[in-house]
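To start, the structure under review is shown below, and the notes come after it.
Going in written order, the chains are labelled A, B, C and D, and every chain counts its residues from 1.
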Amino acid sequence: MPFPDLAARLAQVRLLVFDVDGVLTDGTITISGARRWSVTDGFGFLLARRGGLKTALCSGRNDPEIEARAERLRIDALRLGRMDKGAGVTELAAELGVTPAETLFVGDDLFDLPGLAAAGVAAVPADARPELRRRADWVLSAPGGRGAAREVIEAVLRARGDWERVLAEFTGGGDD
Amino acid sequence: MPFPDLAARLAQVRLLVFDVDGVLTDGTITISGARRWSVTDGFGFLLARRGGLKTALCSGRNDPEIEARAERLRIDALRLGRMDKGAGVTELAAELGVTPAETLFVGDDLFDLPGLAAAGVAAVPADARPELRRRADWVLSAPGGRGAAREVIEAVLRARGDWERVLAEFTGGGDD
Amino acid sequence: MPFPDLAARLAQVRLLVFDVDGVLTDGTITISGARRWSVTDGFGFLLARRGGLKTALCSGRNDPEIEARAERLRIDALRLGRMDKGAGVTELAAELGVTPAETLFVGDDLFDLPGLAAAGVAAVPADARPELRRRADWVLSAPGGRGAAREVIEAVLRARGDWERVLAEFTGGGDD
Amino acid sequence: MPFPDLAARLAQVRLLVFDVDGVLTDGTITISGARRWSVTDGFGFLLARRGGLKTALCSGRNDPEIEARAERLRIDALRLGRMDKGAGVTELAAELGVTPAETLFVGDDLFDLPGLAAAGVAAVPADARPELRRRADWVLSAPGGRGAAREVIEAVLRARGDWERVLAEFTGGGDD
C-alpha cells in the first residue's frame, strides 16, 4: 500500500459509505435512470456484512432504482437526494452508532469532496476527478463500477483481521 | 496544451455547443434510440452554468430522448434535426447573444465539419474521425461519452479564470 | 495496407455485404435481442450510398430489430435467417446486379466462412475468430461494432477514387 | 499451455459447467436483471453440442432470464438458485451420466470455490477474483462475457481431437 499508515487507519473502519454514480457504477446512465450494476461489487456487500461492517449509500440522486439495489444488497442506511455529503456522512455515522473517524467514504466527483473531508478515511476510484484523487487518503486500483467497492471491502476486512474468517466460509479453510 | 494560443482563445469563449452522438455519448445506440449518458459530463453542465457559460446542443437527430436529457441538464438552447451545423452554430450564437468567435463547438463526424468551421474554437473528442481531428483547434484527451464534455467545460472555466471560484463552492477554498 | 494487391481489389468492389452480430455490433445482446448499434458505422452507410456502393446484410438471425436498423440505414437488400452465407452472398450479388468478384463480405465467426469464400474480397473485424482472420484478405483495424463497417466503406470509396467527391459534400472542398 | 498436463486432463472432459454472472457475462446487470450475453460464446455452445460435449449452468441466481438464455443455447441441465456449487457440480455430473473427474467447471467468485474443487478441471476467466485464480487449474485468456466460454469449449474439443471434425462442417475441410 503506497499510502502511509493506511492499513492502520483501515483497521479502525466500521462503516463504509459509498456514493453511487461513478463509484458503484461506471457513471453511465440511460434517460430512464437505468444503471449497470456490478455483481462482483454486490457480492462484496455480503462479505462486508459477514465481516461485521456496516454499509451505507449517500447520493445526490433520489431514485427508486438506487433504493431497489440497496434493498437487494441489504445496505444498512441510505441518504438519497442528499447534496451535502459532509452532513450525509456525519448523519449516517450517528445513525449507525460509529464515529466519523470509524467511517470510510468513497466518492468520485466534486459534490463528494465534503464527504471525503468528513470521513476518517477518504477513498476514490481510479478514475475519480483529479481534485478528488488529490485529496484522497487512498486512490483505488479499480475504477468505478468495475470493482472499486469490492476492493475497499476486502482491504478493510484484511486490515481488521476478519478476512480469513470470512473467506473460510467459502473455502473450508484459510487463504493467505 | 499542445495547441498554440489555445488558452488565449478559450478565454474568449462564452458559449459551448455540443454535437450529441459520439460527443455526449460513446456513439452507440439501441434500436429505440436509447443512449448511455455520462453522469460526469452531466455534472460538468452544472459547473458551466455556475461559471457563467452558455451551453447548447446541435444534432442531426430530432429525438425526445435528447430533449429530455437537455432539459435535465438545463441546456440553454437546442438545434435538433439540424443537418447544417454551420448554420446551427451561427443561429445558436445569435439566439444566445454571443458572437461566433465566442463560441466553441465539439463534433466528431463529417456532418460536424461546418460547425467546426463556424465556431471560434473547434474541438473534437479523442476518437473523432480523422478528417475532424485534422481540422480541429483542439483534440481532447477524452473520447466521446467518457469525459469529453467535462474536459471542455473545465478548460474553458480555467482559461477564463473562473475555475477556482466554481470549485470553491465545493471545497470551501481554492484548489490549484 | 499490409495485404498485397488489396487496394486494386477494393477498387473493383461495388457491393458490401455485412454479417450483423460481431460486425455491426460488439457481439453482445440482451435476452430480448437488443443490440448496441454504432452511429459512426451507421453514418458510413450514408457515405456508401452517396459514393454509389450497394450494401446488404446477411445474418443467421431473423430478427425485427435487424430489419428496423436496415430500414433506417437504407440497406439495399437483406438475407436474414440465412445460415448458408456462401449462398447468401451469391444471391445478394445476383439480386443487386453485381458479380461475386465485385462483392466484399465482412464476417467474424465460423458460419461466415462460406461467405468469405464466396466474395471477391473477404474482410474480418480485428476481433474475429482466428479461423476467420487466417482466411481473410483483409483484417480490419477496428473491432466489430466499433468502426469496422466504417473502415470498410471508406477504404472502398478511396480505392475507387470516390472518397474526395463524397467528402467534398461536407467540406466544400477536397481532403487529402 | 502454461498449465502442466492440462491438455491431457482436458481430453477427459465430457461435461462443461458454467457459472453465469462474470463468466457468461461481464458481471454487470441492470436492476431488472438484464444482462448482456455474448453471441460468440453462444455459438460456442452449438460447437460443444456438435462435438459431443454436455453443457450445464450452475448459478446462485434463479432467474427467468437465465432459463430463457439456457433454452436458446440448448444447455443440457441447470442448477439455478444453487448456492452450494460443489453439490451442484456433483449433481449435474450424476444427472448427465459423467463422473466428476470428467467435468470442467468455470467460475469467477468465492461462491464458485467449491465448484472448482468438485470438478476434474477448474477453470476461471482472466478477470476472476484472485482467490479463484490461485486455485484454478487453468486461468483463461478471455475475461468473463468476452469469450471465456468459447475459449473453454474450443480447447476441450481440440484436446479430445474433435475440433477438426466440428470445424470441417463450416469449412468443408480441415483447419490446422
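Some notes on this structure:
Just so we're on the same page, contacts are C-beta pairs under 8 Å (C-beta built on N, C-alpha and C of every residue); 3 or more make two chains touch, one makes a residue touch a chain.
Since we're looking at a predicted model, the values are computed, not measured.
Counting every residue number used by either copy at the subunit A-subunit D contact, under half are found in both chains. The greatest centre-to-centre gap from subunit D, using C-alpha centroids, is found for B. Centre-to-centre, using mean CA coordinates, subunit A is 45 Å away from subunit C. Taking each chain's centre as the mean of its C-alpha atoms, subunit B lies 32 Å from subunit C.
The residues of subunit D never reach two or more other chains; the list is empty.
Taken as a graph of touching chains, this assembly forms a single closed ring in which every chain touches exactly two others. Of all the residues in subunit C, the ones that touch subunit B in their complex are 34-40, 43, 47, 65, 68-69, 145, 167, 170-171, 175-176.
Of all the residues in subunit A, the ones that touch subunit B in their complex are 21-22, 27-31, 108-111, 113-114, 129, 131, 134.
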